[in-house]
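Each of the two complexes below includes chain A, the first together with chain B, the second together with chain C.
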Partner chain A sequence: MRHAFLDEYSRLDSILHRRDPRVKIGVFFACILFIVLTPPEQMRSFFLYFLLLSGLMALSRIPAVFVLRKSLELMPIVFCIAAFIPFYKPGVVIFTLNAGFIRLPLTHTGLMLMWNVIVKAYLSILCSILLVNTADFVDLLKGFERLRIPRLVVMIVSFMYRYLFVIEDELERMQVARMSRSVRRSGWGLIKTLSNIVGVLFIRSYEKAEKVYLAMCCRGYTGPIRTLHAWRITKNDIYFCAFMLIILMTIRMSGV
Partner chain B sequence: MHIPDGFLSTGTWVTTWLISAGGLGACIRQASRSLKDKVVPLMGVMSAFVFAAQMLNFPVAGGTSGHFLGGVLAAVLLGPCAGAIVIAVVLMVQCLIFQDGGLTALGANIFNMSFIGTIGGYLIYRLCNGVFGRRFIIASIAVASWASVILASSACSLQLVISGTSAFNVVFPAMLGVHALIGIGEAVITCLVVSFVIKVRPDLVYKSEGSHE
Partner chain C sequence: MERPIVELNNVRFTYPDGTPALAGVDLCVARGQTLGLIGPNGAGKSTLLLHLNGILKQHGSVRISGMEVVDRNLSSIRGKVGLVFQDPDAQLFMPTVFDDVAFGPVNMQLPKVAVQEAVVNALELVDMLPAMKRSSHHLSFGEKKRISIATVLSMNPEILVLDEPTSNLDPKHRRGLIELLKELPVTKIIATHDLEFVIEICDCVAVLDRGKIIAQGDVVNILSDKRLLEAHGLEVPHSLRKDAHRHIPGAIEKSLHPPLERIQ
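Now for the complex of A and B:
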């Protein structure tokens, strides 16, 4: 069946795609840290971060429309949480919102804080989109493993990634079966049917897990998983890492 | 309820990261003890199940729809530690691939939904079971799932307040009000799913004291 592939552009070939996953994880995590730790008044720094990320996006050959669409899809959630912010910070009151019996003063500092949080969230989302779309998810997981993230966690995540599509297909088949058997049922009946679908999905997933486990035992699985690690950090990786860190530092320092 | 990057103060996200990392390690040790080498395939496939189940849209009153969170469901069916691992893995994948929740805020999100929501929900479930008795298992699950959503959202609001991004008197009523409603949906769905599983495969429901084999 058809899936919206998660890491659609991760198999392109570019300077960014060729970098070692460990280096990429480190660099993008550093980007997020720098962005999050930048004081809110430094408007120019945020603009420079944005330029830097746009530059990387251009280098990676990921279509800008894709990145834009993907990042904007996530913004409603950010706005929902950010909507509380401007109403409480003490400061110059711009106007007061009368919501029934509560009076909510909207202040200048509050608005500044909201803008700051939204910008930081957006730039961080851009970072993760770039990270995920410039490396194969499997390579990324291996990178995490090499970076001393506990092996068991990485293995569970990689299993989940492997079976996600299988189980989604199962769910889709059940949905098709439901729709072909019940004509526009709604309300309580629909909720009951959907809950039973979740129940069946649980049982089938559990049985699938047991079968997978037994199949693994047949093939000599005793606990640890062995994988082939073919890649190592090259000179170009180190240059890339150093270059990015210098730029990030420069942006951070220039704002002070 | 997924907190994005930039909303939490440095102290808050570092602390919650440390707590979550430690807690997750303890949960994995605990789960490995009862599941042995089955822990990787079982937890992996079950995380995929929770992820897929969260994609199912349930009709809510007034033409809107929502999905369920599955914390208490995972805890009741798989046990508290395994449930917490499953929810944490789902959060990690949502953060990494879908950018749903920030990387720095991942610790806080795991803390809220895996530990407060799932393990906390399970404790409430056990408590209710003790008070009402085993005959009212479904009622206990209803109370626990509603409470778990409320608890997780209040932990989330508390972190926002501590970080200075929100005021207590604004964020608490709003978050709790919304999540009191979401919790009702969660309770209804969790009860229906668990009663279905009890009817069809009662052996799959987690029984405490390591009788999982």
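Now for the complex of A and C:
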């Protein structure tokens, strides 16, 4: 069995890691809101946001290389969405792309908007990477629950976190079983076995889900999920929260 | 005589696909007794266990300490009967070990301090206290198995129901489990293929095959009945074989090769 982690650096110890998960969720959510609501022309503000997040990253002792790698992994999705923006936004045409019988005009407003989407998306991704890696995933889930995110949603995510690796291990075992019984099979045969594996995996996870539900019933589950919490918001949490909000507001104001 | 803590009367069950699993089971277990439930694969052992706390129910009656297992009694029945599944990945579904062991007591609506105490006690019993804050998928199989047992011990059940508790356990942890179960003063019902384990911890044993109880009684009497066991996909455990000494390699050689002098 592999010991996979979604939140590799969440067990470090730093000023940021020690903050209450609820405070962290709130602060990073505020960061994202400020970033999204900053007008695209305020280049300097975006730069300052980036500096702020880099500062937090340094404080959290998460390796910069890791954050960079993770953030770039997510960027292709943003590019896919952003790539079309400059072509359909009306405005001053800078350049017209001739693709056979379709003519695509590229506008200045469109380009600005694309830049805006990419920068804001990147900064928001940095925020979420920092959040996920400075709090234990389990604590984050409980934090969301305490912040009145619907229990059902929190439960679905927590079951996903618990069983993702169980199902992954199952898939790996089936792959090993397939490989040890097939000699140089490729092409259509391979696709056929792979689709069978997917089907079996689905049925197995379905059956597992049923068993888990029975196990829950055995221990008195009747509907609501109840867990214990033992958290207290400390003075340092409040300082952290106030400090971050003041900085965010200063950055926002300085751009005006 | 005191009334049996578990009474099953003509319990029958057929799976939705038509497979009959239980064909009229009658079974009584006295308070404080440890019953070993043995039988071949597919005999209906797991199905029977799921009837004890009302997870499955079709025909017949199940009574736990005199209380009929029906929908309105389910919450108190499930507090009395602690059932541990064979697969620890099904038993452990919460994100951390603490939450998993606390799941039962919290559902029983115990006060916070009592829940914490129950969790610590249960984890201490299975020797897994240091793992309290860990996530279940980072634990070894043996560790998961022991925590599975802690998840019901924390509910302080009157009857402990275990499905294949020793499967896939290494000898050391199997030994630990035996010691633990011997010390627990509750009624236990254990479905298993591990007959040596039955000899060590059970007071009586029931043989289940094709959904029926074939025999119930004293452990040594039943487990040394070669004909009965072989007719139902089982075998006499090694420690009870009368001819056990013949299986020592030296002894076999002697009987196969008679002394040379005699041949001459």
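Criterion: the second predicted complex is superposed on the first by the 245 of 256 C-alpha atoms of A that agree within 3 Å, B and C clash if a C-alpha of one lies under 4 Å from a C-alpha of the other, contacts with A are read in each partner's own complex, and residues count from 1 in each chain.
Convention: a residue touches a chain if its C-beta (ideal position, glycine included) is under 8 Å from a C-beta of that chain, and two chains touch if they have at least 3 such contacts.
None of these values were measured; they are calculated from a predicted model.
By the touch criterion defined above, A:F66 reaches neither chain B nor chain C. In the superposition on chain A, contact of A:W115 is made with neither chain B nor chain C.
Partner contacting the larger number of chain A residues, of chain B and chain C: B.
When the two complexes are overlaid on their common chain A, residue A:W231 makes contact with neither chain B nor chain C. With both structures placed on the common chain, the touch criterion links A:K208 to chain B and to chain C. When both complexes are overlaid on chain A, the residue A:R162 reaches chain B and chain C alike.
Look at A:F84: by the touch rule set out above, it reaches chain B but stays clear of chain C. Once the two complexes are overlaid on the shared chain, A:V138 sits against chain C while remaining clear of chain B. In the superposed model, A:M216 lies in contact with both chain B and chain C. Residues 137, 158-159, 161-163, 166, 208, 212, 216, 221-222 of chain A contact both chain B in one complex and chain C in the other. Against chain A, in their complex, chain C makes its touches with residues 50, 53, 55, 75, 78-79, 81-83, 85, 87, 89-96, 98-99, 102-104, 106-108, 112, 115-116, 135-138, 151-152, 155. Put simply, chain B touches chain A in their complex at residues 2-7, 10, 24-25, 28, 32, 37-49, 51-53, 55-56, 58-59, 68, 77, 85, 89-90, 92-93, 95-100, 102-104, 160, 165-167, 169-171, 174, 188-189, 192-193, 196-197, 200-201, 204. On the side of chain A, the complex with chain C involves touching residues 3, 137-138, 141, 158-159, 161-163, 165-166, 208, 211-212, 214-222, 226-228.
Residues 6-7, 29, 32-33, 35-37, 70-71, 74, 77-78, 81-82, 84-85, 87-88, 104, 113, 116-121, 124-125, 128-129, 132, 137, 140, 150, 152-153, 155-164, 166-168, 170-171, 175, 186-187, 190-192, 194-203, 205-206, 208-210, 212-213, 216, 221-223, 225 of chain A touch chain B in their complex.
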